[in-house]
Amino acid sequence: MPLSGYLIGVAALLLLTLAALLPRPIRAGTVVIYGGSLGVTAVLFASALWQLLSGADWMALSLPLGIPWLGANFRLDALSAFILAVVDFGAVAASFYALGYGRHEHEPERVLPFYPAFLAAMNLVVLADDAFVFLLSWEMMSLSSWALVMSHHQVPGNARAGFVYIVMASIGTFALLLAFGLMAGDVGDYAFSTMRAHASERTVTGVVLALALFGAGSKAGLAPFHVWLPLAHPAAPSHVSALMSGVMTKVAVYGFLRIVFDILGAPAWWWGLPVLAVGAITAVIGALLGLTQNDLKRVLAYSTIENIGVIFIALGLSLAFRAHGYGAAAALALTAALFHVLNHSLFKSLLFFGSGALLTATGERSLARLGGLLNRMPMTGLFMLVGCVAISALPPFNGFVSEWLAFQAILLSPVLSSWALKLMIPAVGAMLALAAALAAAAYVRVFGIAFLGRPRSDAARNAVEVDRFSLIAMGTLGVLCLLTGVLPGLVIDALGPLVSQLIGTAMANQSQLGWLAIAPIAESRSSYDGLLVFLFITTSALMAAAIIHRFASDVSRIAPPWDCGFPDPDSATQYTPESFAQPVRRVFSGLGFAASETVDMPRPGDQRPARFELRLKDLVWDYGYQPVVSTVFTIADILNRLQFLTIRQYLSLVFAALVFLLLALAIWT
Amino acid sequence: MGGLYFDIAHLFAGGLVLISFILLYQDRLYALLNVFALQAFVLALSVAWQAYVQDAPHLYITAGITIAFKAIAIPVALHRMVSRLGVHREVETVVRLVPTMLAGIALVALSMVVMLRVTGSADPLAREDLAFALSVVLLGMLMMVTRSNAVSQVVGFMSLENGLILAATGAKGMPLVVEISVAFSILIALIVIGIFLFRIRERFDSVDLQVLDDYRGESR
Amino acid sequence: MVYNVYVILGLPVITAVALVILQGYRLLARINVVSSFLTFVAALTLFAYRPETGTYLLVDDLNIVFVVLNTFVAFTTSAFSASYISHELETRRLTVGHLRFYHAMYQLLLGAMNLALVANNIGLMWVSIEVATLTTVVMVGIYRTPAALEAAWKYFILGSVGIALALFGTILVYMAARPVVGEGMNGMVWTELIQHVSKFDPAMLNLAFVFLLLGYGTKVGLAPLHAWLPDAHAEGPTPISAVLSGLLLNVALYAVLRFKLLMSANPGALAPGPLMVSLGLLSLIFAGFMLYRRGDIKRLFAYSSIEHMGIIVFAFGIGGTLANFAALLHMTMHSLTKSAIFFAVGHAAQAKGTQQLAKIRGLTVTHPFLGWGLVIGVAAIAGLPPGGVFMSEFLIVSSTVSRSPVLALLTVFGLVIAFGALLLRLHSVAFGEPTGSREPIKASYLPMIAHLTLVIIAGIYLPPPLVAWFQHIAASLH
Amino acid sequence: MNLFGNLTIQILQMLLVLLPAPLLTGFIRKVKARLLRKKGPPLLQPYRDIIKLVGKEAVVADSASWLFRAVPYLVFAATWVAAALVPTFATGLLFSWSADLIAIIALLGSARFFLALAGMDVGTSFGGLGSSREMMFATLAEPAMIMIVFSLALIAGSTQLSNVAEFMLSPAVGLRVSLALGLIGLVIVAIAENARIPVDNPATHLELTMVHEAMVLEYSGRHLAMIELSAELKLSLYVSLIACVFFPWGLAPVGAGIAPHLFGIAAYIGKLAVAGVALAVFETSIAKMRVFRVPDFIGVALMLGLLATLLRFMSGSL
């Protein structure tokens, strides 16, 4: 499909936005809008995928829009094709899911108009080829998603979430604006091609890197600019949360790739350092805080932060290798990053869909009121299980492959000559492993509390399975998580062209290896075969089961739980989310959060109930953001006195200004 | 144009500055008004002189307006108002007199400095005139910001405006001077009327601001 | 001989007289609208037939844009004011007598502003700006509440001082010009001045510019000369707030621009840039902080006007084709957006019966149309796409950063501060648990929609002729 | 021949890790009892337990889900596959390349993941307690393990166990500090992962600090048998891992004849015995520690691993 086709698609989405503004019966509107978005994004996804796989050559196009003398420039290269595919696939899944989920929306008129606009904006960001169009669509993306976050504005807390979100977003945009301004330099031409051409005579690359890391990173959720994310993502309707977490963060990563890997030019040796550091910190902080949350969607949001951290670790590695001229290693690291981009978009959408399903079935987001849902919502439970295993980076699912590749890249780091990197990278590796382990714990907690055990509320007790659309959407994603996990070679080969676009070289073609195995560098060094592992596990498990059931007993008796002889009918005695997190809280308190537990135990004979109180403090907010906010308000208060002067005092202001300027004249001229 | 003309114009201009100082020095309303009337009179004289020097008859109109309006009508009106409003005679100053005078002197010096930087291409008469005019303007403003009483502030504004007229007439062949002086007279008339209308507040300084805040829905 | 410029000047005055004579407020309102529309049409014809330059009148590339924008916003505002005023009558806040006065003054103001724009004579310009000020003073005070009188009075006094300063500046310019262009009227004719300015005495010009910047800057509302602006916006009728923000500030700005041209055309004179840049930044940041503590919705947007005037003056001060283009664009967009916001705010205040932010909540729930209109307007004025302000701010920041990163950083700082404040207020006004009355009010949304549509279109697509126009001016402004 | 040979070796290997696993456990129990001057259970008791359990009917709690029944087999399968890829007596395993050391650890991670879920499935307080603590230990044990793997991989230039073993056999190894650190760290991790004293007590059911046993509290019959078996399998896996990496003597190289392989098997059995004795002595000589001391204990392993890796990064000779 020619580039104009994609733009027409975007235009169609915008038309859907307009259509959503027309008055209509709500059901019809839901079907029309989501159906329409589904159709359009499906076409876009298909053609983007084809563009990527067929390796068709790049397309560029310029429209007489935007800044007049510059025009609106668009380009579709391998990188944008890949991200476009990710975006639109997520969009397809979300729209399909929303066909079912959207029916439960109370105020659809607050969601429907902005949903297609959001999709259109994300597509445009990826297609943009000059700074203006890029930032315009970038900000449109923020704006429309902000509107979606505000769709349930009467729910307490959502308004604040929306506010923090939109402010952080626009600060990030300003950072990118400054970055582009610096890159355009005195040339003053904002077309990416021109910036690329003048990459050589650029002097302030370090500043630009910092700005890009801040601008794109704050949108992606890098610590310490992540505070808006766990507020905003859960506030939106679930299919939108899925898009924001699974897709929009990827668009942010794309922004970083486009600026730092593509436009900014050859990296300096130290570029890797900040990226690695920020990525590692983000991964650990996200995983830790996710483990302490009770709100299901909030847990997912924090795990998004963690995964973004993983992606940026890989990106940092790639930068470091590239700066030292190790193309193959850089390609490996970049492949890991992009692979994780794909994976995260898959399982994070799946998990948010699942949370939406729970919301529909129980009306609960708090883990503490769920439980025992696997028996009541078997399909949802199964798919959520797949998602949890995949995101915990466990074989044979896809999450493991990308992290494995990242580890392989880390193992190559001794070749680097810089001591700082030598010292840093092992620590980063440890933090990556720590984050993975914490994530596993977090998802044991999520699935164990929400789906296993006994129901903790009537809502959970009376839950029923959700509609077909949601199930199909989740099922598809689950299957894809498995497929990309067992057939990683295909994905790696598909990523080849864009890796070589950004790095110059790509990983060796994996398809020659037998048994669909992958070997990043050499088979003698390390290799992994998801398919075989999967087959081994399934066969041996089935074998064992079959043998035992066949030759030994297959009888089983249903009985009340034994519980060491102290059975308790009350489901309140189960482990709660808080209690599950307690060991980790105790061990890691102080890293990004501070937990304080106070126990009030009445003396024997005292009738009053014992009280256990848990306080969690988000240190990043308390020490990073609160001071800024209070400073602003203090200054505002001080200046505000000027609103209440008398006329004479105002006159004296004027007089003072006059005298000052006259003095200036007298002295300086 | 001979030295005599120059000196006389100079005399008038300097006289205006001097009177501005006297205005600053006054601490009684009636006295203040009288001094202002004097300033207006001197201004009129200097305007008339300029009219004669530049033989620009229309300037006589300005002079006439000045005499009739500033030297007579306004002071009288203000006299009546002061007595009507029973504004206590004391001119309460925000800044004490001595610092005010010192500031005034500094201002005059400043205006001299900035004005004398101007190259002599403009003829000296105009330069001097402008220098004095600027000092009169600044002194008038100083008066406005150091006095908190409505009447004295009006007086300050009017002396400021005297400075403007001085400058305008000093600028040889300046068009629209008459119109400007008329416009200013209207302006001043409006101000005076305003004081009459809003006698609720006897000073520009709005009365209790907290009250107004309730109207504004503003809060400190 | 082309008469259209005389139409622009004369028609408002004639209408004003007619409005004083005639009866019946509906008729008056209609006449008001029609006459404003005709003026707008006449202004449009200026593109086609441009009158030759005379001693008093001048129509060149620069002011034609101002004139057209001016008359257009005046027209839409008059349409808005028709529906607004009728509601004021029903609620007995104004009497028919007031209205006659009001409409007459409205037309007079329009005429005065047009004159100020097309005047080729700096004295004439000064006089007409003074007249414009006086008319607005009267209209600000029209409600006769103590607060309104207070505001009008404050406006009046500060405005008069500003006028005085501006006059002194004008005289100085004449003095500077006289040795070169000779005595008499020529010394005040703009076209003559700009021709010979290079030979003027620089010191005199510097002095003059200081006074003119302060004098007209008071009208522009630059900090610290802004004091009159918020109250005047808040206490007057909303159409007047719209006109003040959308037009009068521009007119004063236009005056400043003219003199900036003089300055920069003279090699010896000190560059006006730094002065304007610092004043602009000061206003931007100051207003940004002031936005946080506002309790009155109209005063809030008045401060946002100060902020944007700061941005525009800053951009003109930075200079260069790009920044000048951005500044002109920003000015246009600000006029359209801000007046649209005031249209929405006016009706919202009428619907809720109060101007206090604390008492206006959940507007999108109770009055969806007004609420979302306000959301779009504020988003646009805060610099969110696809509003035209986004494009101008993009150009301003990105063209500044390469030249002096520090200034760019300061600008961004101010913009972010203001952004935060505006969005904070918007959240409380448009969203959340609704308060106040819910019954719909009869309002004319057309002006608001028209403005917002224009703004959004401009943010995405600027018609080539307009662009060529702006670029031409921007280049001439250097 | 070669493919066939490798296949047979692979199959032999799978059996060789599976069959002696209970024996190892029994052996350790026996030695411990002897050390305590007790008679102790017979050596083959673990086999008897498993056979008996398999035969019994399984009691399943009414609040359990299908996951509860599936987990034992999944855990067993994952552990077995992991174990099957660790060279015990010969390096030329057919499928050794299908998963490197990192993948093996991840497989064990999957096993733990599901076991922890099973612990929470019935909805009893003990299960949750076990699961949460198990996961907490894992959050420290896994990074430690990864660090150790790094140091090894950096020495051997591979994460492929066969290649590592071959490298370790080669004279190029020499004596290295980082290896020693890695060994200590790996032992600590092994103790923690296998729920041995001082981290956990495998021989008790009613102790509040128990972890592994608390998770599997609700299991019975064949399910319990599977769980027990995979626990024993895991123990022998770690033993053979340590053996393969640090004491690879006697491993039959690729394409060697029958004799070397037999020798390799014998050597393997010997290594198991030594490890058993050592573990028994260790466990009898120290006491179990409080739960919240365990993180420090495992933290030591993490530090050692990190140190080893850093040393490797700093210089090739350490």
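Order as written gives the chain letters A, B, C and D; numbering starts at 1 within each chain.
Convention: a contact is a pair of C-beta atoms (placed from the backbone, for glycine too) under 8 Å apart; a residue touches a chain by one contact, two chains touch by 3 or more.
Owing to the predicted nature of the structure, the values given are computational and were not obtained by experimental measurement.
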Interchain contact steps from chain A to chain C (minimum; 1 if touching): 1
Contact-richer chain pair [A-B vs A-D]: A-D
Centre-of-Cα separation between chain D and chain C, whole angstrom: 78
Between chain A and chain B, centroid-to-centroid distance (C-alpha), Å: 69
For chain B paired with chain D, centre-to-centre distance based on mean C-alpha positions, whole Å: 99
Separation of mean Cα positions, chain D and chain A [Å, integer]: 35
Chain C residues counted as touching two or more neighbouring chains: 153-154, 157, 161, 203, 207, 293
Of all residues in chain B, the ones touching two or more other chains: 114, 117, 141, 144, 204, 206, 218
Touching two or more other chains - residue numbers and ranges from chain D: none
Pairs of chains satisfying the touch condition: A-B, A-C, A-D, B-C
In the complex, chain A residues that touch chain D: 371-372, 374-375, 378, 381, 385, 389, 392-395, 400, 404, 407-408, 410-411, 413-414, 422-423, 425-427, 429-431, 433-434, 436-438, 440-441, 443-445, 447-449, 451-454, 515, 517, 519, 523-529, 532-533, 536-538, 540-542, 544-545, 548, 552-564, 567-568, 571, 573-575, 579-584, 586-587
Contact footprint of chain B on chain A as seen in their complex: 640-641, 643-644, 646-648, 651-652, 655, 658-659, 662-663, 665-666, 669
Contacting residues of chain C [partner chain A, same complex]: 153-154, 157-158, 161-162, 165, 203, 206-207, 210-211, 213-214, 218, 224-225, 227-228, 230, 270, 275, 286, 289-290, 292-293, 322, 362, 364-365, 379, 382-386, 390-391, 394-395, 397-402, 405, 408-409, 412, 415-417, 419-421, 423-424, 427-428, 431-433, 459-462, 464, 467, 471
Chain C to chain B touching residues, read off their complex: 123-124, 127, 130, 134, 145-147, 149-150, 153-154, 156-157, 160-161, 163-164, 167-168, 171-172, 174-176, 178-179, 183-185, 187-188, 201, 203-204, 207, 231, 234-235, 293-296, 299, 354-358
Chain C-facing residues of chain B, complex: 114-115, 117-119, 121-122, 126, 130, 133-134, 137, 141, 144, 157, 160-161, 163-164, 167-168, 171-176, 179-180, 183, 187, 190-191, 194, 198, 200, 204, 206, 211-212, 215-219
